[in-house]
Amino acid sequence: MANKETDNDLSALDHEKQSNIIRKTLVTKLIAFIQLYAIYIIIFGELGPGGGFQGGVILGSSIIIYILIFGLEDGRKRISQKTSDLFSSTGALIYAGVGLLAIFFGGHFLQYGAFPLGGSDVANHYGIMAVEIGIGITVAATMIILFCEMIGRD
Amino acid sequence: MMEFILAKYNYWIYVIIMMIGFYAVISKSNLIKKIIGLSIFQTSVFLLFISIGKVDGGTVPIYQGTEAVYINPLPHVLILTAIVVGVSVTAVAFALVVNIYREFGTIEENAILEMIKHDD
Amino acid sequence: MADLVLLFFLIVCAVAAVVQKELLNSVIILSIYSLIMAVVWVRLGAVDVAITEAAVGAGISTVLFIAVLTRVKRREELTRIRLQILPLIVVLAVGLTLIYGTLDMPDFGSPAAVTNTHVVPRYLEKGVEETGTDNYVAGILASYRGYDTLGETTVIFTAGLCVVLLLRSNKKRL
Amino acid sequence: MTEHFPVLVIIIPLVLALIAPVAGRLNKIYSWAIALLATLFSFITSMLLLHQVMYNGTISYWMGGWEPPWGIEYVLDYLSAFVLVIVTFLAVAVTIFARHSVTNEIDDNKIPAFYGVYLLFIVGLMGMIVTGDIFNLYVFLEISSLTGYALVAMGKRRKAPLAGFRYLVIGTVGATFILLGIGYLYIATGTLNMADLGARLPGLFNSKLVITAFAFFAIGFSIKIALFPLHTWLPDAYTYAPSAVSALMASTGTKVGAYSFIRIIFTVFGVKVFLNQWVSVPYFFLIIASVAMLVGSILAIAQTNIKKMLAYSSVSQIGYIMLGVFLMNPIGLQGGLLHIFNHALMKCALFLSVGCIAYKTGISNINDLKGLGFKKPYAMAAFTIGALSMIGIPLTVGFVSKWYLALGSLENGMWYLIPVIVISSILMLVYFWRVIDNIYFKAGEPNDVAKIPATPASMIIPTIIVAALCLVFGTLAFIPVSITEKAALLLLG
């Protein structure tokens, strides 16, 4: 009985493997483009529509797609629980850090204009970019955490 | 009268959607249905905010020269934040539902209340 | 006209998502609802919000819904179909209050509305030079109201941490 | 540096909250130490801020250097600095208490995340207190609510996740109503800054938009502060939460909600409209508050679970606060503000002492308290002081606020509110007497009593300190009285 089941399983696995090859190859190629697009959205959010949050969600989704196709264990090899936890904190820390840095340079909290980067608009531009990157990191990491904890079995 | 109704049609629609979502939240016994209702309820409020921002003849709020008329960007900013809050609430609600299911083996509120009637 | 059709479909989807007994169907309909909402927002000129809604409402939120549905019962139990009077009264009362408030709203899209004449003009006039960004939404989001956005980032971090707190078990560490 | 204190008081704990769960991976004691450090920092800073406010007047801090109403403003005046001090002090006390209590009630591997969420809850509350912008208020309200739902669900009893979920559903509805109120106010005025709203709203009070906005704020905040009949989430949430969480939420959560509601009423809408145009609103809320005071106490009498009894007693205490607020005169409002302070202290002492008893025993039934008065003398003494204070015995804080509430009622010529206060106090005497009778005058099974383990000093000491403060500020009442007097005059303009 047990043998029969394993046989069935094996043939099923074989079939799985073949269709998996297509899916896996497609996904590995696709993910690079998705991530590129995500980074584009994060960085150029100030020129066109988009920004840290939207880009972060897309970046997180790229990993989620990887996990969907390759399974949780393989996915966690790419980005471990520890890493995603760490990044989730780091992004928000970057944001708060930029704010505190502004105090350090003599401005108010989050006053990017205080950065000694030339004019106030240039400083603002870089300040906004920095916090958008921070948002993107936190959001992407949190999306991965949410998904992994939701599908995780007890 | 007809003109009055048409002049604000977005607002009427948002009220209808909000009522549908709110009804699901308070009347459904299934916890997932409650979360679905909550999402609909919240997005309807977002629709209200975005409708406020609309300006006739205005363009998308991305710089296109000083003469252009822009749509009011402030409600968009508020709703971006509110959407994030919305999805966060949904995620925490999911975690709670999974915990409840682990404990009781069902996600029907009525059935759970029946089970714990005799707990203190 | 196209807008009215979209809004009509929005209502249809909302009703369908609520009455469906099969939860998976409900969730799929909800994601369609989100997509239509995103299109409505594009029509209203809120492109940033539309991208977010498409990525979150139709994307992540649906994925999470389905992830949860793999762990719980996927069918709403058939209870006696009865119209619940009390919730209906509450909902109608809230709806009527909202409609009452709406009577005094400025017309939809009116440029003379106070929302377009107070506070916002400064963002539109000086936003580009003061924040160094072309996207007004990004400028307000990250600079003028940057503190709200720090709060928003904290909220999303909080959600992740709360889910970890509630769900992560100690048995396996990957 | 001092000019940045208004923001640092919140940002430093926020940064530490981000670090706590990561640091806890190294050693779980680090996460607790970070939580203690953060709350201590906030407490000391908020004391300095209160000092600054008393000597230099109201502080306004512009986020990002953008002037309001374009940017977000932080405002510290007598009221917000005072409430901030209360919340941060109780946060310190509960954090010290939490160390052993939490180890006992929460799984080991969850402790780092727990302290992260715990700190974020406090950060959310502090953000709500200091902000001068209604949308920012909503954001921080959601931070404190989200963490609150998760914290409640961490209780050991199997009802805890359900209590958390029901709290989440009703809390989110409340928060969304508040968001609707913000939207309607925005449509009417085009601004989100509280002071700017306060300047622009007069003259718009006939607008249906503004009336609807107030209605939604009122419903939303009534849910958040658990005002009868929208209190249904509160008893279960407080009962099934872990001890430290119950103590923190009961003493600070609803108080900060009440504070925000007071801000909306007096700073945004202004007292004049309630005295001249919407005169029925205060009457309506006075009736609701009186009913809450009585019904909460009656329901408390019916409970056998001590935490549930304290939770229903909170429902009646919220009635006291709202009674003071809607008397709409300086003395009554002062009574309401005093009661925020006093009730925070008393409820914290009561929940902490209950937490001391529940440590390793899980005792929650009133009948199981028999004979504990001599087994756990300190915790039970703290409970007794808290109970006497709730009833309103002179020389305790409870007496002071009830006295001012009664004076405020007379000032409005509403003598009929005094019997309500007295009857509610007598009902409190009834349900607290049942507990005290069990503690001191009934002998328990000697074997059972002997088996009860000792409570660690780190739990007893904060309990005693908070209870002692109920007496200190009951006798030295002039300190909170003088601050709330100025705060009340400030609110009433």
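Miscellaneous remarks
Note that the chains take the letters A, B, C and D in the order they are written out, and that residue 1 is the start of every chain.
Rule of thumb we're sticking to: a contact is a pair of C-beta atoms (placed from the backbone, for glycine too) under 8 Å apart; a residue touches a chain by one contact, two chains touch by 3 or more.
This is a predicted model, so every value here is computed, not measured.
When the interfaces A-B and B-D are ranked by C-beta pairs in contact, the top one is B-D. Chain centre most remote from that of chain C: D (centre = mean of CA atoms). If each chain is reduced to the centroid of its CA atoms, chain A and chain B end up 25 Å from each other.
Once the centre of each chain is set as its mean CA position, chain B and chain D turn out to be 28 Å apart.
With centres set at the average Cα position, the gap from chain A to chain D is 37 Å. Mean C-alpha position of chain B lies 5 Å from that of chain C.
Contact of a single residue of chain D with at least two other chains is seen at positions 14, 18, 21, 63-64, 135, 139, 142, 146, 149-150, 153, 161, 180, 186-187.
In chain C, the residues that reach two or more other chains under the touch definition are 47-48, 52, 56, 60, 64, 67-68, 71, 98, 105, 113, 115-116, 119-120, 123, 134-135, 137, 141, 143, 145-149, 151-152, 154-164, 166-168. Looking at chain A, one finds that residues 47-49, 51, 53, 85, 89, 92, 96, 99, 109-110, 112, 146, 149-150, 154 touch two or more other chains.
Against chain B, the residues of chain C that register as touching in their complex are 4, 7, 10-11, 14-15, 17-18, 23, 26-27, 30, 33-34, 37, 40-41, 44-49, 52-53, 56-57, 60-61, 64-65, 67-69, 71-73, 76-77, 79, 84, 87-88, 90-92, 94-95, 98-99, 102, 105, 107-111, 113, 115-116, 119-120, 123-124, 127-128, 134-137, 140-141, 145, 148-149, 151-152, 155-156, 158-160, 162-163, 166-167.
In the complex of the two chains, the chain C residues touching chain A come out as 47-48, 50-52, 55-56, 59-60, 63-64, 67-68, 70-71, 129-135, 137-139, 141-143, 146-147, 149-150, 152-154, 156-157, 159-161, 163-164, 167-169, 171, 173-174.
Chain A makes touch with chain D in their complex at residues 82, 85-86, 89, 92-93, 96-97, 99-100, 102-103, 107-114. Interface residues of chain C facing chain D in the complex, by the touch rule stated above, are 97-98, 100-101, 103-106, 113-120, 122-123, 143-148, 151-152, 154-155, 157-159, 161-162, 164-166, 168, 170. Every residue of chain A that touches chain C in the complex is listed here, in rising order: 41, 45-54, 57-58, 60-61, 64, 72-73, 76, 80-81, 85, 88-89, 91-92, 95-96, 99, 109-110, 112, 120-125, 127-128, 131-132, 134-135, 138-139, 141-143, 145-147, 149-152, 154.
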